[in-house]
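Below is a structure I'd like to ask you about.
Chain IDs A, B, C and D follow the sequence of writing; residue 1 opens each chain.
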Amino acid sequence: MNPIDPQLPPGDPLVMLGLLASAILFAVGIVGFLSRRNMITMFLCTELMFQGAGLAMISYGRQHMDLSGQVFVIFILTVAAAEAALALGLVVLLYRRKETLSAEAWKELAES
Amino acid sequence: MGDLDLAAGSELNMNLIWASILIPVATAAVIAVANARAARGLAAVGSLASLGALAAFAWQFPAWSTGGVSPEPGGCAWIASINATLGIGFDSVSLLLALLEALLIPICVIGSWSAITDRQREYYGWFMLLHASILLAFAARDVLLFYVGYEFTLVPLLFIIAIWGGPERRQAAHKLFLYTFLGSLFFLGSILFVGWQHHASTGLWSWDMGTLSSFASTRLPANTQYWLFAALLAGFAVKVPLFPVHTWLPLAHNQAPTAGSVILAGTLLKLGTYGIFRLALPMAPEGGAALAVFAAVLCTVAVIYAALICWVQTDAKKLVAYSSVSHLGICMLGLFALNPIGAQGSVLYMINHGLSTGALFLLIGMAYERYHVKDMDQIGGLAKRMPVWAFFMVFFTMSSIGLPGLNGFVGEYLCLFGTYIATGDASTKYPGLLGPGFALVAGTGLILGAMYMLLLVGRYVFGPLREPKADSHGKHGHDGSHGHDAHGADHGDHDGHGDLTGREVGLLVPLALVCLFIGIYPKPILQAIGPVVERTLAPYPAAVERALMSKPQATEAVQAQAKEDDRG
Amino acid sequence: MIAAPAMLSSVLALAEGPLDAHAAPELRWAGLALLLPLASSVLCLLCGWLKVRSKLPAALTIAALGGAFATILRLQGTVGETPVVVNLFDWIDLTWGDGSRFHGFTANVDLYIDRLTVFWMLFVTGLGTLIALYASEYMESDVGKGYTRFFGAVSIFLFAMGCLVMGGNLVMLYLGWEGVGLASYLLIGYYFTKPEAVAAAKKAFIVNRIGDLGLALALFLIWQCYGTVEYAALWKAIEAAPASSEWTAQAIPWLLMLGAFGKSAQLPLYVWLPDAMEGPTPVSALIHAATMVTAGVYLIARMFPLFVVNPDALAAVAWVGGLTALLAATIGMAQYDMKRIWAYSTISQLGYMFLGLGVGTTFGASYHVFTHAFFKALLFLTAGAVMHGFAGQLDIRKLSGLLKVPGFRLVSVLAVLGCFWLAAFPFTAAFFSKDEILVSAFTAKDDRVHLLGWIGLLVAALTAYYTFRVCFRVFFGPVKFEPGHELHGHDDHDHAHDAHAHHGEFHPHGPRWAIRVPLVLIAIGAILAGWPSYRTMLHHDESNWVKTQVAQSSAFQGVAAESHGSLDGHAASSHASAHTEDAHADHGHLVLGMDAHTAVGRLGSLACIVGILVSLYVHLINRGTADALRRTLMGTVATRWIVVGAERKWMVDEFYDWVIRLPLRVIANILSAIDELLLDAGIVNGIGALPAAVGRVFRPLYGGVVQGYAVTMAGGVALVAAWVIWIWLRGAN
Amino acid sequence: MIPPLLFAASAICAVGLFLLLRQPTGKARFGATILGLAGLAWLLVQGVQASGALGFDPRVAIMSLAVAMATAAAVRVITTTRPVFAALYFVLVVVAGAVAYLIMGAEFMAFSLIIVYAGAILITYMFVLMLAQQAADADGPSVAYDRVAREPAAAVLCGFVLLAALSIVVSDARTNQLPTAKLEARANAAAWNRMRGMPELVQERITAELAATGKDPIGWSRAGELVIAQDGRTAMVPVTLADGSRHEAVLKAADLPVNSTSLGWELVTSYPGSLELAGVILLMAMLGAVVLARRQTDMAEDDRRAAAGLPRTNIEDADLAGDRA
């Protein structure tokens, strides 16, 4: 049985790995989003985070032996696709404005 | 008259008060959609109407001599969950201050007709709102309502200073707002504390001033009262302003437009003194007795300190602004004498200061409109150009340095007198803690006051005519001995430099008349103030006795007394 | 609340004796003495409003003052030996508790009318009327400009003086006290484009304010000790409570003294009076010579019951008076400006009066006030006439032999007459009043003041000297004069301008009737002022009118005990002086082996004549000697300080500037710097800057770059996460 | 699993990632990679341990590999300075993720993931990159402004504090989990219920079962509802055979519908609304993308109106400065 605390039911290593992977992907995604300037790369990082989320869904779905997890992954895919479409449209637009993809070229968010 | 009539009368009174408060609001609303031309007229009409309503109320005010509150406390619910009401009502002190406010506002409005040329609609709208909130503060019998009025005054004032003020208006407005707001947080905190205590011990929510005062003064233990009074004092001292938290005032006065300064000196500062008189003193007699000396020391320092600073000012408006600090020092000193003479003098002083200092600001503003200079190094001897202006200037200066026969004297004199006799002996029935020393030191304020005020008059009004070189009449400037052999007779009806217009004189005459009346026949006002003052100071002799024995009332004793109150 | 009259009567119920005032509502008309000047001042204000360009204001004022004078005359006929209190209306009336003593503060607009009041008001209003008449011509060049202002201020002055003298309580007195201060401020600063005038006015007001503070504090103390500030009740209280030794009671006279010294220009507060000569001459005559400056004397005389119980205070008054007399006389000897000389002589004479008060003869003091009022007014007005005629020339070195100048004979004669009075020439009125004072000085019971007698004699000699210095220099000798440049010290003076503009050489123009008539009348008054003494002297009738006036007032209360041996202050005055004789006998007070009166009479005459002779030689017969003497004195270092000091007025002004004003200004500047830099910019703004400083730390995050906001968000998430971890760890172990 | 160790592992990963982000070269880069991988390995080992699984399981090995691959690729995505490579590495992440999905029994999602991401989204990225990279091409494939990571320290800190927290939550995941038996029972029940809704599938399965048990698979008819057995592993359906004899057809777990079937069933039965919403979102996204990406031309308002065939107005251009592209 479970070597660490026996009263727990024996877990599924796959689930554990999946969850860990999802956490790592999400974290890496955040790091990337914060540390890259290229807008496209930043959007890729958001996609990474989506990946993490999806993986977590699948893992939990497996843990609880429930299909809802997978169903939600479908929705995640949907959102990701929509996001990609819009985001890339925006990127193109912004690139046309400033002829660069650097996010730092845009400071209009600053108050004053 | 029968109760029924009484009820009807109080109903009518209530409506009159609300009318005087709401008419300005309605006026502001109308102004918002009117055009700039009509705005000034509307504002004047609205303020006059409000004055009329209040005057009508004062005319049939039943409690002039009783010191009571009318209409009866209570009113429609406002925040039902904590039983906060829209309770309004006047006693003679607050009514007098409200009348002062209602008298000053039309003067301010009409006085701004020529001074304010841009964004008139906002200006007059804000002024109407300011008026309404000040009146609300004076009329409120519910501490929360009072707080609302007290605080809301800051908003219009902020805009009035920040938009129509002088070159440093932004900074001045920010400082005014933040500083006084910080102060009033103390005040809010302490009244909330009292209300909560009341709920804790009686299980009922009440925010009525009378209820809370009687509750706090009898039920709260001495050390609690000490801190309560300290907090309230800290809150109101900023508004008064007492040394050393006065520094926002000169800047604000100096940068504010004329009417702003007038109303600031006239009634806004009085909100602080009124707060101390109406809330701090009655709520925490133990604290008041314990802290009176401390406060009095602050006041005395303020008198000398501000007076000396006035003496070296070159900016006329700043000089008068600092003089407010000095004068209000004397005013508060009289209040902390804790005997009827001093307190009556203090309340009267509030009114007098509002009249004379307000008028002085008005006059300086009138000169400023003509020359756009306030610095006495560049301008002076204006009596040559504007004799009527000079007359009023001297008149109100004399009133401000307390010349007997004018209003300033009575209040100032009674304040000092009260301070003087506020010694430990009980032969006056009101033992005090201050005594001759304070009166002597504060009395030198009379000398210093004469020094700086006459400096103002001597340089700004009299002396050889000095006009700013810049303006087209520079050729008259800097040489009195010629300037007016030519122009001696016609008092310079040059464009822009003419003497006061009929409108301006019409603004000043009422103030002058009121000053004269108070100076010559203060008896009715003093009689009106008297009972309220005695009611306010009722718990003090005992408290002061305890303070003299430096043995503040023990907590359990208070509790025991509370028990008895419950039984009785 | 117990109304004031009721309270008053309750006090009066237990009162008896000649000092017991009784309320006399039927005498309300006495209020006219205040009302008329007030009305005329208001009317003058209206004239100013309507830009009246005629002599109407003068007419109004003269009429009003004349009416006031008439009122006082009628009052003189009416008022008996017992004072009366007339309540005009309630002013300040505070009561609490049971409203009894110490539970109320009442100061109504009452009139307290006794003989002293009437006596004072007589010459105040009388001289006021005459001088107003004089001014109506003197100021005519200002018609349409300052004319209304001038007469308005004069009316205000007489109103305030009336309040001061007739007021029924100390607050009324204070009202008048400050009111005359205002009037003198306005009138000294009349030529308000002249910086000196404005400065002088300010100085006068502020120096007076110092005295006023003393008066106010004394008032507080009186209430604290006696529970009232109304004369009628106060006398009772004083009689009831003998002199208490606690400091409050002891301090009262000293504070009153301060007030009196401020108003009456005594050491150390006399410095404002010489500068006050910047005002128009009629003002100097009326306010700064005849009436206002005697208010201090009136105050002490009126409050005498408070002084008699305090011999130290009396001695102090005496010494201050004596020293002031001496100092002012020495300065007066070395001045060249006629008006200034008269100003210093005024100070010196006022010193005499205080000396008299100090040695306990309120009668002598009041008598001297009375006589002095006339001749000093005369002197000033003649000086004014000269000034008027000679375009503001006042330098006694530049005027000479005016007796021979056509149009100025009358003026000169009257001036010389006045000089004799001022010099207290034997058998002039001033001689008698001064005699009274000096006798009391010699015979006073208090040995500390005897020296003052001799000082008084010395001052008499000096006075005679500098008086006739002016007299001989200006009115006798060869005719020569040069016009002044100052043109009445006033640039609005159009006709003076014309005088220069149109014809180069200068024609002095003599005064017309409106100046001559008052001069003559005042001169007659000055002569008649001595009448009581003449009667006393000729057929030994002791009923001295002035003494009667003074004796039947608070001024004599308790004088008995102190200075006049067994004199009973409440008895009729005829006994009074009789007892005085006895008193001298009792004391066996012999001066130079003679009875005090004779001795002082002779010594005084001697001093006067010596002084006159000296200045006759020095300033008329051989005018060179004065300058020669001056040169010799200047020559030797040991003595030059005398001349320099006297001419520079012993540097008192400079001393005050350096010791008081300058340090105060320095402190003020320091405080102002502290207020703006430390308090405001330092502490307040410093506290205000804290949030900004905190904000500046995070500012880079909000430069507008997306990642900045992202970092904030993620940082928030991370914080939450860290919190989760923390919770977990807490749960774990 | 023991949190401190987890934190240590995360920290090691963090340091490694940080070093990589700082774009070191040569050995340092190698060392950083090694460090990062080591931390990752430790993390995974802890995970596996924590799951209390004993003995070797090929699926676990493959899963671990997939996870490692995904992580490494993700790291490359954020460390490479060339957007193109980043996109390609992301494909790798997606593939690895798909493998993980497969192993965890989500075949349908695995393949749809590949199709949607690798097939659609990434291609879009590629196109955008091509559109937007002309400028970058000048100075080589890696763009100048993004050669060095921006505030890597802050980023890594945020990221890995989060990772630590997440890992704790992960480690907590099983404490509130039902016993496996119960879970299975519930899951089977759900599956059989789902099957109840699919009559022809049941038909088919019964036919197969009859054939397997040598009964006549033709002409039979159902005589009752599908009954779930106690253990939930099997279910019985009473049938009337062609010869009229009654028979209990037994369906086993293997007869349950496959993942895709049941997923689709679940989707349309339990989440129809969400499904609609997803459709709307996609539509909106499409429209939005069209609007955004439209090339806007700088034309004065009047010209636009003219171009649109509208009458000209005389509005100043200044007024329209706002809505210029």
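One rule holds in what follows: a residue touches a chain if its C-beta (ideal position, glycine included) is under 8 Å from a C-beta of that chain, and two chains touch if they have at least 3 such contacts.
This structure is a prediction, so every number in the text was calculated from the model and none was measured.
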- Message: Considering only chains that satisfy the touch condition with subunit C, which of them also satisfy it with subunit D?
- Response: A
- Most contact pairs found between chains A-D
- Query: Per the centroid of Cα atoms for each chain, what is the distance between subunit B and subunit C, given in Å?
  - Reply: 36
- Message: What's the distance between the Cα centroids of subunit A and subunit C, rounded to whole Å?
- Response: 96
- Distance-wise, how many Å sit between the C-alpha centres of subunit B and subunit D, to the nearest whole number? 71
- Distance between the centres, which are taken as Cα means, of subunit D and subunit A, whole angstrom: 9
- Note on the structure: subunit D residues touching 2+ other chains are 150-151, 154-155, 158-159, 162, 166
- Note: subunit C residues in touch with at least two other chains are 707, 711, 714, 717
- Message: Taking the top-of-page definition of touch, could you list the pairs of chains it picks out?
- Response: A-C, A-D, B-C, C-D
- Message: Under the stated contact criterion, what part of subunit C meets subunit D in this complex?
- Response: 707, 711, 714-715, 717-718, 720-722, 724-725, 728-729, 732
- Task: Mind listing the subunit A positions that touch subunit D in their complex?
- Result: 1-4, 8-32, 34-38, 40-41, 43-45, 47-48, 51, 54-55, 58-71, 73-75, 77-86, 88-93, 95-96, 99-102, 104
- Message: With touch defined as at the start, can you tell me which subunit D residues reach subunit C in the complex?
- Response: 3, 7, 150-151, 154-155, 157-159, 161-162, 164-166, 168-169, 172
- Interface residues, subunit D side, partner subunit A - complex: 1, 13, 17, 21, 40, 43-44, 47-54, 57, 59-60, 63-64, 66-67, 70-71, 74-75, 77-78, 83, 86-87, 90, 93-94, 97, 100-101, 103-106, 108-109, 112-113, 116-117, 120-121, 124-125, 128-129, 131-132, 135-136, 143, 145-146, 149-152, 154-156, 158-160, 162-163, 166-167, 170, 173-175, 177-180, 183-184, 186-187, 190, 259, 262-263, 266-267, 270-271, 274, 278, 281-282, 284-286, 288-293, 295, 325
- Message: Please output the residues of subunit C touching subunit B within their complex, sorted ascending.
- Response: 1, 48, 89-94, 96-97, 102-103, 105, 144-145, 171, 174-179, 182, 185-186, 189, 192-195, 198-199, 201-202, 205-206, 209-210, 212-213, 216-217, 219-221, 223-224, 491-492, 494, 497, 664-665, 667-669, 671-672, 675, 679-680, 684, 688
